[in-house]
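Working notes, structure below.
Note that the chains are named A, B, C and D in the order they appear, and that numbering of residues resets to 1 at the start of each chain.
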Amino acid sequence: MNSNSYGKLFSISTWGESHGGGIGVVVDGCPPKLPITEAEIQFELDRRRPGQSDITTPRKETDAVSIVSGTYNGKTIGTPIAMYVPNSDHRPEAYAEMKEKFRPSHADYTYQIKYGIKNHEGGGRSSARETVGRVAAGAIAKKILKLAGAVKIRSYVKRIKDIEANLSNDFPSLEAVEANPVRCPDPESAERMIKLIKDVRSQGDSVGGIIETRVRNLPVGLGEPVFDRLEADLAKGMLSLPATKGFEVGSGFSGTFLQGSEHNDLFENKDGKIGTKTNNSGGVQGGISNGEELIFRVAFKPTATILQPQQTVDTDGNETELKGRGRHDPCVLPRAVPIVEAMTALVLVDHWMRQSAQNKTFSFEE
Amino acid sequence: MNSNSYGKLFSISTWGESHGGGIGVVVDGCPPKLPITEAEIQFELDRRRPGQSDITTPRKETDAVSIVSGTYNGKTIGTPIAMYVPNSDHRPEAYAEMKEKFRPSHADYTYQIKYGIKNHEGGGRSSARETVGRVAAGAIAKKILKLAGAVKIRSYVKRIKDIEANLSNDFPSLEAVEANPVRCPDPESAERMIKLIKDVRSQGDSVGGIIETRVRNLPVGLGEPVFDRLEADLAKGMLSLPATKGFEVGSGFSGTFLQGSEHNDLFENKDGKIGTKTNNSGGVQGGISNGEELIFRVAFKPTATILQPQQTVDTDGNETELKGRGRHDPCVLPRAVPIVEAMTALVLVDHWMRQSAQNKTFSFEE
Amino acid sequence: MNSNSYGKLFSISTWGESHGGGIGVVVDGCPPKLPITEAEIQFELDRRRPGQSDITTPRKETDAVSIVSGTYNGKTIGTPIAMYVPNSDHRPEAYAEMKEKFRPSHADYTYQIKYGIKNHEGGGRSSARETVGRVAAGAIAKKILKLAGAVKIRSYVKRIKDIEANLSNDFPSLEAVEANPVRCPDPESAERMIKLIKDVRSQGDSVGGIIETRVRNLPVGLGEPVFDRLEADLAKGMLSLPATKGFEVGSGFSGTFLQGSEHNDLFENKDGKIGTKTNNSGGVQGGISNGEELIFRVAFKPTATILQPQQTVDTDGNETELKGRGRHDPCVLPRAVPIVEAMTALVLVDHWMRQSAQNKTFSFEE
Amino acid sequence: MNSNSYGKLFSISTWGESHGGGIGVVVDGCPPKLPITEAEIQFELDRRRPGQSDITTPRKETDAVSIVSGTYNGKTIGTPIAMYVPNSDHRPEAYAEMKEKFRPSHADYTYQIKYGIKNHEGGGRSSARETVGRVAAGAIAKKILKLAGAVKIRSYVKRIKDIEANLSNDFPSLEAVEANPVRCPDPESAERMIKLIKDVRSQGDSVGGIIETRVRNLPVGLGEPVFDRLEADLAKGMLSLPATKGFEVGSGFSGTFLQGSEHNDLFENKDGKIGTKTNNSGGVQGGISNGEELIFRVAFKPTATILQPQQTVDTDGNETELKGRGRHDPCVLPRAVPIVEAMTALVLVDHWMRQSAQNKTFSFEE
């Protein structure tokens, strides 16, 4: 499998660049008879769409999706599902300077050395525009999870720069997340985050932060030892998203300050069901889901594109200055929330099918 | 590819359990004519060997490796390299209680639900003993990297619980890392860490911490967009190691407190070579190595096995108590250092071969 | 990797059905800087196009291809190449009877049982229309092979039913193959084949036959022991084409009538180059190309769609009769010639990249 | 996945050479709780063992297998199953001439060019000794198929050179196949085959032929469109076996002499079950099993090793003569019968798990 594809059994192949005719994805391995509509997919795409609020990039894209193959009368038929989203508001002139100068903390330089050729009219495959395909495919994966077991995936902004949401242990509702453009279910913090984002934008600057994801109703048993542990595949999925710098599950980095006697999750009988008193494990033990809430966090760096002038070098290696211009998100997190959810769903469906294949295909009980 | 295998072109398949006859690994795709000896592999295995110091488990294993196939007269011949390490000091009686009771924060419960059967005489595949195979294969990968471009991988303990090493920006020498049993190149902090580990062990407790890894002399261009970004595959490799809870590259989680203008790595001309002034990117941009030092950190939780009594449930779901016993590492980090290095080498060699396959096989220059 | 994808390093994913909006393919892993135009791809698609002569199906499809992503200014840039061919002359009414009755020797029944749902308006993924994607991707692979080493792939009709071409050992020219609509480079036999095909069509019947493929200028060393021998991957590629029933390489089935002393290919020195006197091996030894001409044959069954009434059962299992109707090829071989060439090119490029990855990435010579 | 591995969900990795310490295989993805013993595996290994009769090689190998991991108390536990068979009667001196001279129609030359290094003490990975691993793994796959649905795989010799077995349509019993050393269930032909083999051996020569395989009780639905059709994967599996030159399913090459009206398999209602009157399809339609008997044939060339002197070249390219010596099978087919059965079982179990994963994991019925 090549690097534009993900998934062993429920697999996707994305294609398209920020500057070409459009973006697409082919989903292979989707079970037949799944009811799915373009509207369900469009719902998720609208959540990641540029220009959706006054704290995102003003690039205007309707991101209207078409299902080109793989369904019939609103149901999947077991064949590859091709989906396509045209680009409509690309402005190559905004990238004129890129032809000669490497943008700091972008992929311009590494792509140039790796491939020796590029379309300088945009970020190409390193642009977050590539994630359109993941979100479209993820909408299908989410539908499967919903029908298969009422599995709920909820991502939300937990921190922007140093403003951290004040959240209870309750599972946040979709409504609470969508209630504000920054997608933080704590309204008071959300307001401060929005103000911060507007402030840094007015400085021509950018900020990052942390997105947290919680998953409920996951069955016990997803995840494959040794290399394909559930958290390993989630880590890979998350670090494959643009602008991510870190991943942690359960207690994560802060759990390293505890001792084992504090950190261990003691088992208990919860009304006839085995569970744990605490959840430092974050829902996975030995790489396998244990029925507790799956919880993980992803660090997103401040957007690399800023409007301030920056020192850089040109393609001949001469030092020069790059004047910031173009449209960008001063903070990627609000639009990254549906992307993280989509990637989570893709990982989970693939693992669910793998678990079933090995452990449910044949039954050798006495 | 199944879950006990890793790598697309330089691939390994590990087998064996903590309680069986031994542990093995098959390396497929290793280039021919690589000079490699059992001694070079044994050197790395000795670094992860139980019983190597007074702060590790007292389990006595010589971990003597045999190369069973794939080499001739000290060189690889392009065929699969099978390696085998027998278990010698396994004590199944230490696991008697496990037959009926689930150990907290271990994989006992999830494995039981997933597979419905187990060998209760040990941790099986979830035991860190499985990493013997990775370290043996990693020794081959390290040799390739060394000969291919003097690539140096250095992992070391950066923090144990709340004791953080005080490190300069100099690349730590292997000697500095190996100078003390905790594998922290800051001797003063190392001493305090060792004392802490001994203290928690005397309480029947355990601690975790952070291992940092730095890689020098990596060529520009390793890593494949979109899903197989270098940091994505490193994240997967690290989170596939037992007891890990988090991964971060470059500025990681703390970088999210910066603004873009502070975080961006400005390009400069370093004596005719393009480089960056800072390295918040951690050596990867757009998922591709940029020639700067690759740097990442991994969080390890406190060891789950502790000697204090803990509440748990038995296989029938009844609440009960588990009395701690057996031999264990009060802190896994010292022995995890060579494991992290090995996994890093496996990821890098595989990506090097992929980069070469796509971009070097054919030349279409004008 | 899922079942609509092929290739480890040069990989393709095809999508689309005979009855939907169109057919597409995504090529991943294509090296950058390859010059490629839509015209070059269209040339191959025109060779497999319906309605190209009076011995093929009268379905009218222009099969006009668009390159949607992955190239810039006529060159590949290392990103996925998406290509799309719309369906224009689909007639769902021709398939009305299929809704209730299984067509003999078609995939209707097996797909129904496997998926439990279908679009009854056409053959779906089992239709040969799916091969549009392979031919488009194969055109790119052929271009690579041509530039990389003047590799020539020539497929042609060797036998239709019992009419066998009378061919010399000379490598047939493309012109000779394309000189007649049946694509047999022996003009006299071609004439008789064409007459036979017209005769069986007038009876509402169909015929099959054998396509032979020869490849020149292949380097020594392609093919990977043990499971991915070159002939194993060619066999898989060919048997994955619709209507194929057999594959043989070199001496094939008839070679089993010889004794070892007759069958062995003796080595000789051909003007300073090691070669073999005979070529019963067909260009592969131990699964690896040996520099001699690669030669193999593929058996195609007579087209399953015929215009005579046939006994069958309906979806309830009742016996009934199916009246033949619709447009079809009375013989698939003429249009299968470019498909076989395309599939051959896809196998060869992938193996070339694999050979390079393992054996050329690193050099450990003394 | 690399070239010494096979299978997507039920996967095997083989290792070891004819001349090293032994041969092994690791099976990954085997479902847990399968009862399996070393005796069941040994039964199949004994069928392929050298020296088992007076028409095979006199090399003496007990081929005694050990299960080293993956089972507990006679059952699989879901972890990798490692198996090992030591080499005991290797005679490197028999290969002394190979150091300098390429054996005709062997892999000596291609391996030398591909890898640039070799162990000249035997055939290495191109030796049929490699198939020990497949037969051991295949024994597990056969056990799964037997328990899952009483699936029976029966391979047998159909033709040796020009002596073809006279067989009825009855499914041959294992006893009938094992009743004679040539493994042909027609006793009269078997006797003539045995005489032929002894005759060619006395001439220092060799013969080939055809093995036919029939599979009963396979469920409808195995095989994945487009590239992983059941017959495509069987073709690959068979052509990956040493000495094979061809594969055909159902009517195969001879079916190309029929017209569609003769070749089509008409559906009928067989006591409430949908079936076909004839079986030219060989049990697969559209790449998917249709519930009829799966039937295919494999062509094996005459053994390349013969005892007559042959012209060849040495490693410097000088023409020379190779004097035949060493122990060899004058005809590989009798020992290849269990190998073909094993490879068939490996293909079928993997496809069964894939079919289950995609179509049984989730249920979306109204």
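In this text, contacts are C-beta pairs under 8 Å (C-beta built on N, C-alpha and C of every residue); 3 or more make two chains touch, one makes a residue touch a chain.
Predicted, not measured: the structure shown is a model, and the values here were computed from it.
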Inset, instruction - Tell me which chains count as touching both subunit C and subunit D. - result: A, B
Legend entry - Pair exhibiting more inter-chain C-beta contacts, B-D or A-B: A-B
Inset, instruction - Express in whole angstrom the distance between the two chain centres, defined as the mean CA positions of subunit B and subunit C. - result: 45
Inset, instruction - Would you kindly tell me how far, in whole Å, the mean C-alpha position of subunit D lies from that of subunit B? - result: 39
Legend entry - Chain centre separation (subunit A, subunit B; CA means) in Å: 26
Legend entry - Sequence positions of subunit C contacting 2 or more other chains: 1-5, 8-9, 14, 29, 32-33, 75, 78-79, 111, 114-116, 125, 225, 354, 359
Inset, instruction - State the interface residues of subunit D toward subunit B in the complex, per the touch definition above. - result: 1-5, 7-9, 11, 13-17, 20-22, 24, 26, 28-29, 32-33, 68-70, 72, 75-82, 111, 114-119, 124-125
Inset, instruction - Would you pull the subunit C residues touching subunit D in the complex into a rising list? - result: 1-6, 8, 14, 102, 104-107, 109-111, 113-116, 125-126, 130, 159, 161-162, 200, 203, 205-210, 220-221, 223-229, 231-240, 242, 244-253, 255-269, 272-274, 276-277, 280-282, 284-290, 299-306, 308, 310-313, 317-319, 354-355, 359
Legend entry - subunit D-facing residues of subunit A, complex: 8-9, 29, 31-35, 75, 78-79, 144, 147-148, 225, 352-354, 356-362, 364-365
